[in-house]
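In structure tokens below, several structures.
Each of the next two complexes has subunit A plus one other chain: subunit B in the first, subunit C in the second.
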Partner chain A sequence: MKEKIFEIISAAIEELNEELEYEELENVTVDTPIFGGETGIDSLSLVSLVVEVEGNVNDAFDANVTLADEKAMSSRNSPYRNVGSFVDFIVAKLGDDA
Partner chain B sequence: MPTMVITGTRKGIGRYLAEHYVAKGYKVVGCSRSPVDFELERYQHYELDVADEKAVGKMVRSVMREHGQIDILLNNAGIASMNHFLLTPLSTVERIFQTNFFGTFLFCREVGKAMAKKKYGRIVNFATVAAPLKLEGEAAYAASKAAVANLTQLIAKELAEFNITVNAVGPTPVATDLIRGVSDDKIDDLINTQSIKRMGEYRDISNVTDFLIQPESDFVTGQVIYLGGVS
Partner chain C sequence: MIDIPKLLLAHEHRVALISGPQKTSYSQLFSLVDHKTKWLKSNQVVPGGVVALRGDFSTESISIFLALVSQKFVVVLLPTGDVDLEALLNQVKADVFIDTSSGEPTVLHREKMGAHHHLIEDLFSKGESGFVIFSSGSSGKPKPILHSLKRFTSKYMTADKPFVTLTFLLFDHIAGVDTLLYVLFSGGALVTPSDRKPFAICKLVESAGVEVLPVSPSFLNLLWLSGDYETHSLESVKIVTYGSEPMTQQNLDNVQVMFPNATIKQKYGTSEFGSPASKSRGNGELWIRLDGDRFQTKVVDGILFVKSETSMLGYLDDSQPILTDGWYNTGDRVETDGEWLRILGRNSDMINVGGEKVFPSEVEAVVQAVEGVIECSVYGESNPITGQMVCAAVYAQDGLDQKLLKKKIKKSCQQSLARYKVPIKIKFSDNPLTNQRQKKIRKMG
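Now for the complex of A and B:
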């Protein structure tokens, strides 16, 4: 499951980066920073990314999860701070949905 | 033709709007807690509680799978309850906020995500003249709709970058079940506070929604348009 989620996030980041062209978003790994640190994307790009990933996760797992989170905009605790934390966040959400 | 989602289509203004836009050729997807007793061409119905987060997400995803897009959202579903503030149970306030505010919030969020992906959308929420008129006996209802008006103006800013406009229409009393329990005297008093002193009609509402949802209205957002000259 984690691999599939990683693939979905990775593909969405690659698509987003076709516009952004950020060097740190090339060759996505679990450590790739997404939001809140020195590097990473702005809040508008984050919203687009999360919306894209949410739709694809729901399609892939025939699920009904909403990737909304109180800490979304927190630089320290955001589940979107890097690819690894985003994967874990989705795994937990899918667990709640099951 | 554009695809439109309208909440609360079982009766009253919602049903009228479903018929109005089906007649104009739109594909209309409606919803209500219980089934509808009408059938329309190009109309599809979902049974759900608009305050049920899971159900709303599921419906929007299902509409997207079938139609590929949602161009327009009319957040019509609403309930009211008339009572003196000092005699209003908290459970009534919760029920009113659930449908009027949480329901509007959830549909704006879920349909907003679908619209953001397509970089196009028109959202019209439903306010009421009871809020600006500070109508006595309508504390819970007016407060829930004041929250809707503020949500409308605020998310209009956040969604502008996605080419989504968010506006609201604020009807005066219209002869529907919503005001069934309100006395004629009370309605007359209310109508006398309007600049134009008559009951609202269904067409008054669709006249405003027609304008707000047209593609040419892409420079109109964050507006709450009250009917009857109330401001």
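Now for the complex of A and C:
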């Protein structure tokens, strides 16, 4: 499951990066930063990425999870920090949904 | 006329501006304004004119603004971004256009378009200066709002808290002008950011020792998500203010974690009235009181009405504000608890994306023009990152590749709209939208 989610995120980042052309977003790994720090994307790109991944995750796993909710906002460590944390967050969400 | 040079010299030994590593004292700012006054003259920009100014907060734009308002000018603060500049300039009959957005300021004299608006002529006949800002109005059509500098700043005569303040809010917004003038009247220092991302702002707060952080709920949200507040020292911050869009309790709780020692204060304002002094009932509360002897409020049928001595002189497009016995209807729904108010927002189709307003009709027009689209309805959906996001329901011709069409729609929107207006979510409908739209398909987020 983790691999599939990673693929979905990395495909969404690559698509987003077609416009942005950020060097740090090429060759996505679990350590690729998403939001925060000196590099990474801005808030509109983040919203767009989360919505895109949400749609594709729900299609792939026949699920109905929301990836931007109050829970994501309350956590001390944001799930959107990097690709790895986003994968873990989605795995947990799908677990709750099942 | 407000004596700007005297105002600046009153604080001559203090720091007025911090821009990157560069610090400008009030006496240096005085010289810069003097220099700009001569520069305007040498460029044949003469008093009695309407001058449109474009650019973010910078030493350059601030000194030009001050040079203009120390004389008989009306300064029009132009929005940056995807605006029809020519239409705005025509609307206010600008005589001169000064652009500071890319380094060296440029001066463009425009063809005379007949007499100025009578409110501007009245102001000039009293020997006063003023400024104009555009509000998005209720339909999305920009409305030019004229303020008298003297009237607007009368509330700052007692400003006595000289804080190091970040100019996070934009120069062309009422809240940005408010920050600028309050700080200069109080003798505080303005810190101008060149980048408004959380990391850059944290770095600036740390290096400049920012004490007042006037920001938006969305920014506070992003700051939390970025985690950048943990890797920087934000201890200098004494006051965090927020406004311009709804705040959630979750976000407010997070703000208290990020700024445990700061006073957290909600601001409320409109382009017509500026923002009065306000007090939050508690750091973690959404209840506020609008103070100030020059500002009165009342609530009728759950709608907030205000009356103020520092309000605008009027709209320059001849539309009239909704006034009853001098009370202005803000259109904002509020809850009350004794003297405390809770702002609930407006009943409208408007979508608020991180404080930026989006009107569905404007986006619909662009989507509608894409080949293959039969109908489109744009609405806001709530999103905890930016408050709301723009979504579009589309009814398209049969047999089209939806994925491809979605890309085409996004591309077309990206080309002609500001980024925050581009629909994030595009949903295809199997049925015409007309019926649904009549039943108000647009949902409140």
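In the analysis below, the second predicted complex is superposed on the first by the 90 of 98 C-alpha atoms of A that agree within 3 Å, B and C clash if a C-alpha of one lies under 4 Å from a C-alpha of the other, contacts with A are read in each partner's own complex, and residues count from 1 in each chain.
The rule is simple: a residue touches a chain if its C-beta (ideal position, glycine included) is under 8 Å from a C-beta of that chain, and two chains touch if they have at least 3 such contacts.
The structure displayed is predicted, hence computed values, not measured ones.
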Using the superposition on chain A described above, determine whether A:A72 touches subunit B (first), subunit C (second), both, or neither.
second
Residue contacts on subunit A - larger count, subunit B or subunit C
C
Once the shared chain is lined up, is A:N64 touching subunit B (first), subunit C (second), both, or neither of them?
first
Which holds for A:Y80: it touches subunit B only (first), subunit C only (second), both, or neither?
second
After lining up the shared chain so the two structures overlap, which partner does A:L44 touch, if you call subunit B first and subunit C second: first, second, both or neither?
both
Going through subunit A, the residues touched by subunit B and also by subunit C turn out to be 44, 47-48, 51, 68
Per the contact definition, I'd like the list of subunit C residues that touch subunit A in the complex.
197-199, 218, 221-222, 224-228, 231, 248, 250-251, 253-254, 257, 353-354, 383-386, 389, 414, 419-420, 424-425
Going by the contact rule set out above, which residues of subunit A touch subunit B in the complex?
44, 47-48, 51-52, 54-55, 58, 64-66, 68
Going by the contact rule at the top, pick out the subunit A residues touching subunit C in the complex.
19, 35-38, 42-44, 46-48, 50-51, 68-70, 72-74, 76-78, 80-81
Residue numbers on subunit B that touch subunit A, as the complex places them
53-54, 57-58, 61, 64, 109-110, 113, 116-117, 161
